[in-house]
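Labels run A, B, C and D following the written order; every chain starts at residue 1.
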Amino acid sequence: MFAEATEVALKSGWFLEHAWVVPVIPALSFFLIIFFGKRMPKKGSEFGVASMLGSLVFAGGAAYQWIQRVNGAPEGAFVSPVVKTWTWWQNSGISFGIGQHVDGLTVAILLVVAFISTLVQIYSLEYLRGDRRYTHFFASLTLFSAGMLNMVVAENMIQLILGWEIMGLCSFLLIGHWWEEGANSRAALKAFFTTRTGDIGLLTGTAILFFSANEWTTKTLGVSGFSIRGLSSWALSGDPGHAAITMGAIALFIAAIGKSGQFPLHTWLPDAMAGPTPVSSLLHSSTMVVAGVFLVARLYPVFFKGMDILGGSANFIVVIGGITIVIAALLAFVQTDIKKVLAYSTVSQLGYMMMGLGAGAWLPAVFHIFTHAFFKACLFLGAGSISHSSSHHSFEMKKDMGGLRKFMPITFGTWIISTLALCGVFPFSGFFSKDEIIDNVGHNGYNVFMYVGLAGAFLTAAYMTRATYLTFFGQPRGASAGEHHEEESHDSHAAHDDHADHGHDAHDSHDAHASQGPHESGWLITVPLIILATLALSSGFLNALPFGEKFENFKKWVEPSAEVVNPTGIAYVVGGVGEARIASETPTDSTVEEGEAHSETPMAPTASGEDTYSSESGHSKSPCGTETPEQGVCAAPQLNHAPFKWSKAGMSMLIVLAGFLLSLFVCIQLYEKKNKKFVGLTERNKVLGFGYKLLVNKYYLDVLYEKIIVRSIAHPISAAVYWFNQKVLDGVINGAGTTAKGIAGWVYRNIDQRVVDGAVNGTGSVAQGAGSALRPVQSGKVNQYGALLFGAAAIGALVLVIVNT
Amino acid sequence: MEVISNHNWALTVGTFLPLVGVLIMLFIPKAEEALIKSVAIATAIATLAVGIYTMVQFDFGNAGAMQFVAQHDWISVIKSSYYIGIDGISLPLYLLSMVITVLVMIYSWDHVPSPGNPKAFFILMLILQTGMAGTFIARDLILFFVFFELVLLPMYFMIGVWGGENRQYASLKFFLYTMFGSALMLVAFLALFFKTGAESFSIPFLIEQGMNISRTTQIWIFAGMFVGFAVKVPMFPFHTWLPDAHTQAPTQGSVILAAVLLKLGTYGFVRIAIPVLPEAAKAWAPYIGGLAVIGIIYGSLGCLAQTDMKRLIAFSSVAHMGFVMLGISTLTSFGMNAAMFGMVAHGLITGMLFFVAGSVKERYHTLEIKRISGMLLQMPKLGWILGFCAMASLGLPGLAGFWGEFPAILSAYQPAPGLSVNVFRTYMVIAAIGTVFAAGYLLWLFQRIAFGEPAAEFAAGHGHDEDIHDVNKFEWIAWTPLLIAIVVFGVYPQLMFKVLDPAVGVTLKAFGG
Amino acid sequence: MFVNQFLILAAVLFCIGVYGVIARKNAVLVLMSIELILNSVNINLLAFSMRNGSLDGHTFALYIIAIAAAEVGVGLAMVLLMYRNRRSIDLDELSEMKG
Amino acid sequence: MLSTIATAAWSSPTIDYHALAPEMILGAGIVLLLLLDLFLSDARKWILTPVASFTLLGAFLPVLTLALNNAGTRQMFDGRYVIDDFSLVMKGMFLLAGYVVVLLAADYIREGDYYQGEFWFLMLSSIMGMVMMASSRDLISIFVSLEFLSIPAYMLAAWRKRDSRSNEAGIKYYLLGVFASAIMLYGMSLLYGITNSTKLTEIGASLGSNLTSIRALAVFFVVIGFAFKISAVPFHTWAPDTYQGAPTPVTAFLSVASKAAGFVALVTVVYVGFPGSHAVWQPVFWILSAATMTLGNVMALKQTSIVRMLAYSSIAQGGFILMPLAVAGETGVAESALRAVVTYLIVYAATNLGVFAVVMVVARKTRSGEISSYGGLFSYAPGIATLMTIFMASLAGIPPFGGWFGKFAAFQSLVSAGTTWAYVLAIIGGVNSVVAFGYYGSILREMWMRPVPDGDTSPVSVKSSLAVALGITGLATLLLGVLPGIVIHFGDIAGLAGAFGR
């Protein structure tokens, strides 16, 4: 069947060929900002914004051309990624390349990242105006984007790690942006340290996979065992031993857990809210934290085989994802800090993505990354907008907010849209992604987790309602009501207080806010909000399953088709002959590459930027993922998609609605009506007879809801979870440091200083002691000297006599 | 080995030029401090120029082979000769030693530690330079030994005379430790000499003959060398001299110690112990690797326990050299390359860290982590440089540290044939955990020192102000090259690997690559 | 010939001499004891010389006698010096320097 | 029987005057000194110093010529007096060492008004004894030259008449010395009885390698006699007290020259006389060597007086020099062992004389013999301090100063023996060389790292003669370290090792 492969040229294009430029632009502008930023009129921010716009353009171009490429290809054919490698460095024959691996996933994420970064930077122009470290902020922000983009285009694991770590560094710098306060820098430290802990997995995993795969990939594809392309095909080739790939996958997933704030390593994420709001919005909602998810999606075949996804039984990823969803969602209830609510909701959304990936719902998960980015960014920026303009730089919903909808209509509107999207209400974007995940999870036989997903949806709706209510409805409280904080109270919740963001030089504007009272933010803030909200509303239609095939563009463009392809077909894709030459020009390049580039494909098309692929006609179900391909290799496992059913959709809608109503009701009871109502109620309960029960039932319900359901959810369970979270997990994370220090101290004091060192110093003192012990020998008495002299002689003589007779 | 280049005078000149400078300085009266300093720096720069000339003339296409080889009779009666040469392994370290010396001297221009006396101070540094450079080019065991020992006295005095409160103890300890090591090393060399037929001390010759020695004998001889080199590295449990020496030494001493002297040990392993005694190396590798990872974890824990910045950095050296030794112990060219790279990277980074520590000490008159904070507010540049070095040191990709650390970990996954894979994979995981610790203590240091508000005692108007100024001219001159090098090697490691790789390949012939 | 008796005599003298050196505190007596040892050596030499029938022994003995004389001269001079300095020739007093 | 001997025809021995030239010049010089001392007025006694030194240098000339026209081994008195490379090297060393000692002593003696004439006379006689010792190959001549070099030394030790310490030093040295040589003589008499000869070669031949208890006893007693001279533990007890009590130049002389003479005698006796009976002396030397260096070092650690510390240090050094002899009997080691001993002796002589020169210079200023008086020397006398550093480093065996090569040679011959015991001794030696730095380092510490005790930082004045001494020794130490080839060339003395016939 492989013989009658038909060669068809694939479209490519300049932007596609040069997608690697996307990360390079911000990287360069980072240095510009560092070195010249301070001297620029806008303190370097213009570099940042400009570079992000630049990358956005390039990313857009790449995306467009990718779509062209896909559309140009026959239906269901495997559209080979546009890959380029240059040897970065070489060590005893193992070459570490750097380059690009551009396919649907890449361009999608590139687009999102570039887009969100741009908006966030624009937003920050206003939000951080006058900040003490304005320039540093933009520098780090830009570098961060560079890192993320680099990770997305990464051609191999090393490059990916590079981007991954740069993000870690930037998150450290950005979370700790206001490092004057210990809490912030501690949060930064914690974030870096936690993710770094996960990175153990990344390093070991990479090592394991590399050494197990390298031989195969070099032989078959002529690429090193670091190459993402190589690893993907290798995973599905049936070559890997079970142990190796499983270990590798698990290790890598641990890294993902750390980065994507999955249970149990999610605790750093809420603390990371210590950073400025734009940071939270960019790093800790829409881009960096999805790096882990991206890693799984990127090397999906590896996890697919390693974790035995679709193997019928629950696997590591899906379990973790599921747990995370619930845990995080429950936690979101007890937060009074709006950003923390959003943070936990992020965690639980990431949980969705993981669960989806774990359950074989690759596409919906990726799509959820896509949509989630928009509305979560929007929510965070919204929260920022509130604190910036209305709540006196506080994020305390209960203390400082409430009834803001009249004051900040735009913020309110965008907020509502995004919330609906987050809750997955039709037809907002969240619906099309999140619902798909739940749907496919169930369809792939992970029923338990489908219910988990639904429960998550319910909780999401509930806590978002609560947050919304507390923020926008009811009466203005605290700062929003124009109260001035005493400086002490001001600092008392300093950890989440942005007062520092204007620096001490800007206190006047600071007070100006308060005097004006709540008001809408400036256009630099609202415009991004509006744009994001629009996308939160619309982006779902990229892959609107309900409206049939022609709306499933995202699927078409992004999902690689699982198909056995000619290894040379893939391996040849060094970005056309032209690039192949570039590749071969680099002196230390692996010869294999040229080998397969020229010898193995005699009919290599001459036109640069055209690739060959082979498709088999009339081929229904690909063997990829299930059994090993006879000839050729697979690039992606065969996945199946749940057909859309309104019934299921409706059901989930209902659940969301229930969550919404319930929560709303409870909120009103709690925060609007306050206690007097049911104080009276209880009296009446005591006084009145049995007949009013039905009337009273309402209040019974009231009581029931308030006292039992809400309490039982809010307090015992989630409190318990929260306690577990704060005490145990957090304890572990923080404790790790302290205990390590403790151990260290002990080792240092006892082993190092006493034993090891003591041994050394000991010998010295022993020698000294011996010295004084021997002094009596030197008594100074001639006779004794003589005695000694002759005694020694006599003994010696005696011995000799005895020996020699 | 045939003479490849006819510039074989270059190495000799590059090695002994500092001594000429010393001779000149001897005749300059003590009072002429400026003159003394400039003569010394001029000498160092001239030396560096010769070194760069060597590099330019170096045939990179043939980096595996000995170049600039020069051989003359020296002590014919014990069959030891003045036999020098340079290859891909020696070259980076050879140059590193020269660069560091120049930078340290420039730094010393206005940083001569008490009790002053720049004349002696600079003279000692020049002598050190000769010793270090000589060790890296010696091709004859006895010559190697002489140079190896030559660095002892100058460093002893540097620590003992210009050091901190507890300097005398520290210097003596440093000296006795190293001397003990080299005594055993010497015995090992001699045993090697006689077991190979008492014909020559030349390393190439011994490499040819070494494998004929019976395995058990090899193991014993290796043991001797092991102690000698391990003390210098320093490997757990021979490391206890290091923290004291570093803490007490003057900044310049610490920098040279960290940047170059520690490398003498690892270099000894790579250049002598392993290629000459392959069998023994195989037998020892697991234990070396084990000690290496212990060193990694142990050093990190040590760091976490420290309250003194300089001491913390010193312990971090133990951890980093652990990575280097792990790479070496895999006996694969991959790991060896990583180790060599790690040596240079550690030289640059930790050297830089010690520079910073020195400047901090000079400004705050203390290195107690508890007392210092908010450095970024008072001295943003210095603070960020510290941050940069911390990041580099914890192995952030894109900076030099990563390319020594990560490949070393990687290499442990697949040690040379004949070594227990499982053992080394365990090492790999432990080492990976070590990287987390590294992040832990370095960021912890950075956070506590650089972040936060300045401590009251150092805040403006509390006496110390006049000392608390940001990076000054000489510091910039001395540091910029290092900082740039850290970035350059991080971004384009190929620069070094392409030099190391062939040489390492040659070194590991006995192991089939 | 009957050499053994001479040897035994010499050995006895030797032992007495050694005992004297070790036991006596009086410098002069110690000198005497050393003389005893030397003479025991002489006796040995002469006895052997007689047995072997070569003159070397005698020659050696003569040398020893001559040098012993010189030695004793120096020795007595020193003892005299000691007596001058300390008014005593008790060797136990010669322990200013020790340890 | 006696009659037969009496009637034997007398044939006068042929005398090689060129070979005897050094001894003759020395003799002439000694006589000249005596006469001058007799006839010169005290005011002009200073002439004696140049006379003494020129006598020594004069005696050195024929040594050079003999060395240069290498007519092979010269023998006299049917092989009882031999001039071969070994003896030439040692003669040269004794003469030069003597010269340096004269330089050291010159001012000391003149200022102290210590009977210059007699002093030089005795010192030259002692050196003469040593020079003869280097050539003696017969029990009698060995004994004679031994006493010849010792008896003047006894008197020199007690030279400061009114100083009870000097007196004490002399008496201890004398009594123990005589006692030891008496024991040695007893051993010699036994040897003679066994082998019926006093000529070492014949003794070696007839001793062979089969041992009886009596032979072992004889060999052992002889060895003890010299073990005393080289102050090997446990025959070292006299050394510290004597060194401390004797005038410093004399101490330098004893610790270098007479120790070297002891080694020369030892080597001669062992190599020529007892090559076969190494079963006896190898273990003896092993024990002596190990004990000597260990005890020497350990005791030295404790000392506060510089001279006494140096005394123990020189004991310890003796232990190192003994190391190669402990394996000299092994196959093929003899030569390298001999070379090691000679090399070490030469290096040690140069360094130790230098040390004493510095000690005298410093003592002239600080008027104290305490180690603490060296505090801060570097700050006010950098030159002296640097020289002292070089000497100390050399004694500690740190490259590139002479000492390292001496130790290296010693270790080399040990390892070349390759026996377990050899390795054990090598390890002991290694450890000891580290311990040794404990006290050498303490002096460095005083000089470089400690403050000046009495705050008196007036520069040190160095007498010209001392300056010359310092120059010679310092240069030698450095040169021997950097280019050891030159000594080892002299040390290349297969002739003596030939006796091992293996």
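Some observations on this one:
Keep in mind that, in the parts below, contacts are C-beta pairs under 8 Å (C-beta built on N, C-alpha and C of every residue); 3 or more make two chains touch, one makes a residue touch a chain.
Bear in mind that the values here come from a model prediction, so they are computed numbers and not experimental data.
In this structure, the chain pairs C-D and A-D differ in their number of contacting C-beta pairs, and the larger number is found at C-D. Of all chains present, the one whose mean CA position sits nearest the global mean of protein CA atoms is B. Computed centre separation for the pair chain C/chain D is 26 angstrom, with centres defined by C-alpha atoms. The mean-CA centres of chain A and chain D are about 80 angstrom from one another, to the nearest whole unit.
Each chain gets one centre point, the mean of its Cα atoms, and the points for chain A and chain B are 38 Å apart.
Inter-chain spacing, taken between the CA centroids of chain B and chain D, is 43 Å. Multi-chain contact residues of chain C (touching two or more other chains): 21, 30, 91, 94-99.
The set of chain A residues touching two or more other chains comprises 764, 775, 778, 780, 782, 786, 790.
Listed for chain D are residues 171-172, 175, 179, 183, 240-241, 302, 438, each touching two or more other chains. The list of touching chain pairs reads A-B, A-C, A-D, B-D, C-D. Interface residues of chain A, counted against chain B in their complex, comprise 87-92, 94, 158, 161-162, 165-166, 169, 172, 176, 179-182, 185-186, 188-189, 192-193, 196-197, 199-200, 203-204, 206-208, 210-211, 588, 737, 740-741, 743-745, 747-749, 752, 756-757, 760-761, 764.
Remark: chain C residues 7, 10, 14, 17, 21, 27, 30-31, 34, 37-38, 40-41, 44-45, 47-49, 51-57, 59-60, 63-64, 67, 70-71, 74-75, 77-79, 81-82, 85-86, 91, 94-99 touch chain D in the complex. Taken together, the chain A residues at the contact with chain D in this complex read 764, 767-768, 770-772, 774-775, 777-778, 780, 782, 784-786, 788-793, 796-797, 800-805. The residues of chain B lying in touch with chain A in their complex are 173, 176-177, 237, 239-241, 298, 300-306, 332-334, 337-338, 374, 376-377, 391, 396-398, 402-403, 406-407, 409-410, 412-414, 428-429, 432-433, 435-437, 439-440, 443-444, 447, 450-453, 492-494, 497-498, 501, 504-505, 513. Residues 171-172, 175-176, 179-180, 183, 211-213, 215-217, 220-221, 224, 228, 234-235, 237-238, 240-241, 280, 284, 295, 297-302, 435, 438 of chain D touch chain A in their complex.
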